[in-house]
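There are two complexes below, and they share chain A, which is joined by chain B in the first and by chain C in the second.
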Partner chain A sequence: MSGEQSRKLIVLAAIWLALVFAPYWMAPLGGYTALATRVLVLGLAAMSVNFLLGFTGVLSFGHAAYFGLGAYGTGLALKFLTTSTPLSLVLGMLLGGIAGGLLGALIVRRRGVYFAMVTIAFGQVFYYIAFQWSSLTGGDDGLRGFSRQPLNFGFFQIDILSNTNYFYYFVLFCFALAVGAMGIILRSPFGHAMIAIRENERRARFLGIPVERHIWIAFTLSCFFIGFAGALYALVNNFADPKGLHYSQSGDFVMMAVMGGMRTFWGPLLGAAVFVVLQDYLSSVTINWMSFVGLLFVLVVLFFPRGLLGFIRRKSAA
Partner chain B sequence: MTQLLLFNITNGLIIGAFYVLMALGLSLILNLSNVINFAHGGFLVIGGYIAYTITPYVGFWGGLLIAPPLTAVIGFIVERVLIRPLYGRDPLYSLLLTFGLAFIIEDGTRFFWGAQGKPVTVPAFLATPLSYNFFFITGYRLFMVTVVVIAVALLFIFLRYTRLGVRIRAGTLDLETVAALGINVRMLRSLNFAAGIFLAGLSGVLAAGQLGLEPTMGTGLLMPSFIAIIVGGVGSLTGTLLGGLLIGVASGLTAVFFPAASEAIMYVLMAVVLLIRPRGLLGEEGMMT
Partner chain C sequence: MTVLEVKNATKRFGSLVAVRDVSLSVSKGELRAVIGPNGAGKTTFFNLISGFFPPSSGTIEFEGHDITQLAAHKRVALGIARTFQITEIFPELTVYENVRIGAEVAGGYCLRPWINAAEKAGIDARVQEILKLAGLEAKTHRLVGELAHGDQRAAEIAMALTLRPRLLLLDEPTAGMGDQETYEITKLIRRLHQDSKLTIVLIEHDMRVVFHLADRITVLDQGSVLAEGTPQEIAGNEAVQAAYLGKAA
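Here is the complex of A and B:
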């Protein structure tokens, strides 16, 4: 085993150990388990955005729509259809992913800023639907009246509703599934084709890679992932918020990805952790937290464009 | 019924005129600098609040004349300090930066002027309806549309006949060649950005008289402007003009029959246009696609 490989394994082990023991080491540092759960879910969302942004090089600024659809899908399923938490998660994910796939087919031929604009504008459609259709979605107040249900395995139950630690591990399990799938896709020939498109689209086209179709598949996959994250988010809060569909939420996701490091696999999770903790802290100390978040955007863009992990990697390379 | 239809079409045109003014500014900046200016709505708000602040001293007309250029100066400085370093980079970065800037501006206006809406008084002779039958055509609305028409006409004349305008148009098509011909492209981009912000400031002053002022008012106008640009076709200012009027009238008409969908119709329109003509109504193939 080469040094490079063993170092990667050590880092990977460290990340998973930190995640598995998060409820135990966070409390002494002034955190709480629910915060860790939120970091995981939003981290997964940021990683889904980065799946497209960092590895295919396509800038979608409307991913919150599919995140929110996942949340509403799960919320509605729990409210009207089923008492099974896993089933509701799957339904939420399907809603987000399928909507993304359909709209994606319409926009994959666009590139660059134009692509970003169209994704933003289409993303807002779902925001307006959730906002206007108040008889179903609760409108501006958000969707209430559902809650995550204990996991039922027939002969025993796991109470993820009232025990926050159990719920954290449930979310961590889902997170691991999604992240594992993401890793496998990126290592597959398809994943390499995605990176080829990012590096040089024209060349990829000349090599016979069907660029439009690949971008569409990558877009759809990332919508499924973020729909899943949104579904989990509905369980975290027992509530689905129309703000979760708004483009400013998309901006937050992209920011997490950039802040952590766009070209890295784990960067967005780190970015989400920093972002969530900072926002949690700022909103508790000042009413002008929006300005500080905005300032963070400006400063990261101007001085930290490679993100935290990109910065560390570059330093260790130098 | 006719009156209702007419009322909503007029409404749509007036709203559309707003979208046009916003969208033209956005479009100018997008075409030359490849920057999606998320803070455009923020600059609109700044324009409105500047007018509100100076109106007691210089009157409504003074505010209308002074506020837009002042906003443009702020835009010029912002471009110089914050956006210029990002031109060589992925468009993602300017997008994120202006996105953060929009947060700062919204929060800043709330901090300085308060979260409460501020009413703006317009001269009395503009506030009265012109006729009893067409009560909805107040003088102010007519005045607004006139100002928009004049501004748009001046913009097109400026781009068509002045040296700076010709350079901006040339830069949209091929910035490298323009630079190779010895034109200061950095300055060109700054001035162009300022021109776009001037239009945002002007819409802010006009919107203040019609709707009153709120720190969040810019955000609501931003999305329709995006759609106007997409529908009209990226790269074409005439397209943007057409797109803005079209979605304004479409949402005005939908308000008659199905009020809840008056916002959604814009998105439907955009989806249809993208399906039938992916580059937008007047967009040229190969421009930024």
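Here is the complex of A and C:
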């Protein structure tokens, strides 16, 4: 037991060290800080999807909707309401999370394919709203005309707008808050009950767990998390794109989670890293980059059904 | 005192009547066996009591409360726990984790995103106590899915016990077991009945187990009650022998 626990601690320390020093080790390897920032934000989104998929056993194919709502919420807040970057993030997260909570209440009785289909349908509703409501959202061109603002602590400011390293650390701080909250929830009685539902819904119900309410809460929490990721994404780009709401974006998140390993906590972050780095590299070589990412995905699913991290973990345990 | 009172319960699935006008009364501390040939409606009857689905007609009372239409998880909160004919466990979790989930639900923590050290210690003590009772201490950290069938059944009963039930429903607890495993489970059920004074209703095919354990026996046949009485009365009942025991012997 203690051997396994110390191994876990070492892995955890390695992950955080790699993240904290990413701006310094990525550059010599041909990367750049903004790429690391994207990995964090999309990784958080994939981990949010996996909070539901990997730990409650519920597949949503429409989580991009709440990601996109977070992005638009933050963009609109910065454009019209506030110059405070943290406040705009909170508003974006609230928009994504509350919308998720309301729609989630309507669909938690559905299961499997039906659940996935309804989540797609609701997601597309938001996509078309963003697409059509040009006066507010900028329509097809996306929402422009806002930018992240320096963090103002009264007596000093941190310029996260022009200094990409500062911005990376701001995003890492937000990422750590969200991931820490996820970790605490998954280790709590609430998280244990989520895993119970994933493992055996009937047994969970006859142990006295109110399954529908539990799935609804897990769905809503995951929408808050992905709304927060979307809010950060708006800051990354200083732009909110209707494509961020589209179900193909939801598919990308699911792909990252599955590729990285959906039964692992950190797998989706690894999946997002592989996805984002490949996209960055391949899209400069060919416009058909997605077919290569897709090929990799197929290979992973065929040969490492537990995902990349699941595979690594099994290897190191053996 | 009556713990479970079922009055004229009927369950129809389309034109099939799986349970027909069944009445049954179980008093506190009693161990009741429900027996009958395959297809007699025993499991459907259990599903009515545990809230898997409501009856088409009739009423079900638990300790004086009408629970006829109550959701399954609320019946658990009142004190009704059950196991299934085909073992229902959390296969990819350890024995400890399986039992802990029940203990946390019973403690009222299952919606809580945090737990403090004292509560955690309380849960841990409860889990250890139950594991000891079910004879699973040596397998605490094994994955339940990897255990032998008999141990999985014991783990399922252990999970039900964490809920501190006042009525325990066991659906064929010895199904698919060898002699040794049957003996162990029978011993466990006997302990629960005699030492913990638990009210138990069990469905069982193994007549040695039934006659060894039961205070009273209810015989179902084609959805209806054919007979009810003490093991001696049932053993001497000619209608039962014709419908059921005769075939078995």
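A few notes on this one:
We adopt the following convention: the second predicted complex is superposed on the first by the 314 of 318 C-alpha atoms of A that agree within 3 Å, B and C clash if a C-alpha of one lies under 4 Å from a C-alpha of the other, contacts with A are read in each partner's own complex, and residues count from 1 in each chain.
Quick note on the criterion: a residue touches a chain if its C-beta (ideal position, glycine included) is under 8 Å from a C-beta of that chain, and two chains touch if they have at least 3 such contacts.
Since the structure is predicted, the reported quantities are computational estimates derived from the model, not experimental observations.
In the superposed pair of complexes, A:266 makes contact with neither chain B nor chain C. Legend: residue contacts after superposition of the two complexes on their common chain; A:205 is shown touching chain C, with no touch to chain B. When the two structures are aligned on the shared chain, A:295 is found in touch with chain B, with no touch to chain C.
Taking chain A as the reference, the larger set of touched residues comes from B, when chain B and chain C are compared. In the superposition on chain A, A:59 contacts chain B only, with no contact to chain C.
Once chain A of one complex is fitted onto chain A of the other, the partner contacts of A:128 are limited to chain B, with no touch recorded for chain C.
Legend: residue contacts after superposition of the two complexes on their common chain; A:255 is shown touching chain B, with no touch to chain C.
Contacts of A:311 after superposition: neither chain B nor chain C is touched. Residue contacts after overlaying the shared chain place A:112 against chain B, while chain C stays out of touching range. The contact surfaces that chain B and chain C form on chain A in the two complexes do not overlap at any residue. The touching residues of chain A, counted against chain B in their complex, run 53, 59, 61, 106-107, 109-114, 116-118, 120-122, 124-125, 128-129, 132, 247-248, 251, 254-255, 258, 288, 290-291, 293-298, 300-302, 305. By the touch rule above, chain C contacts chain A in their complex via residues 50, 71-73, 76-77, 81-82, 84, 88-93, 97, 100-102, 104-107, 109-115, 141, 159, 163. Residue ranges on chain B touching chain A, taken from their complex, read 30, 34-36, 38, 82, 85-86, 89-97, 99-104, 106-108, 111, 223, 226-227, 229-230, 234, 260-261, 263-264, 267, 270-271, 274-275, 278, 288-289. Contacts from chain A toward chain C in the complex involve residues 1, 184-185, 188-193, 195-196, 199-200, 202-211, 213-214, 217.
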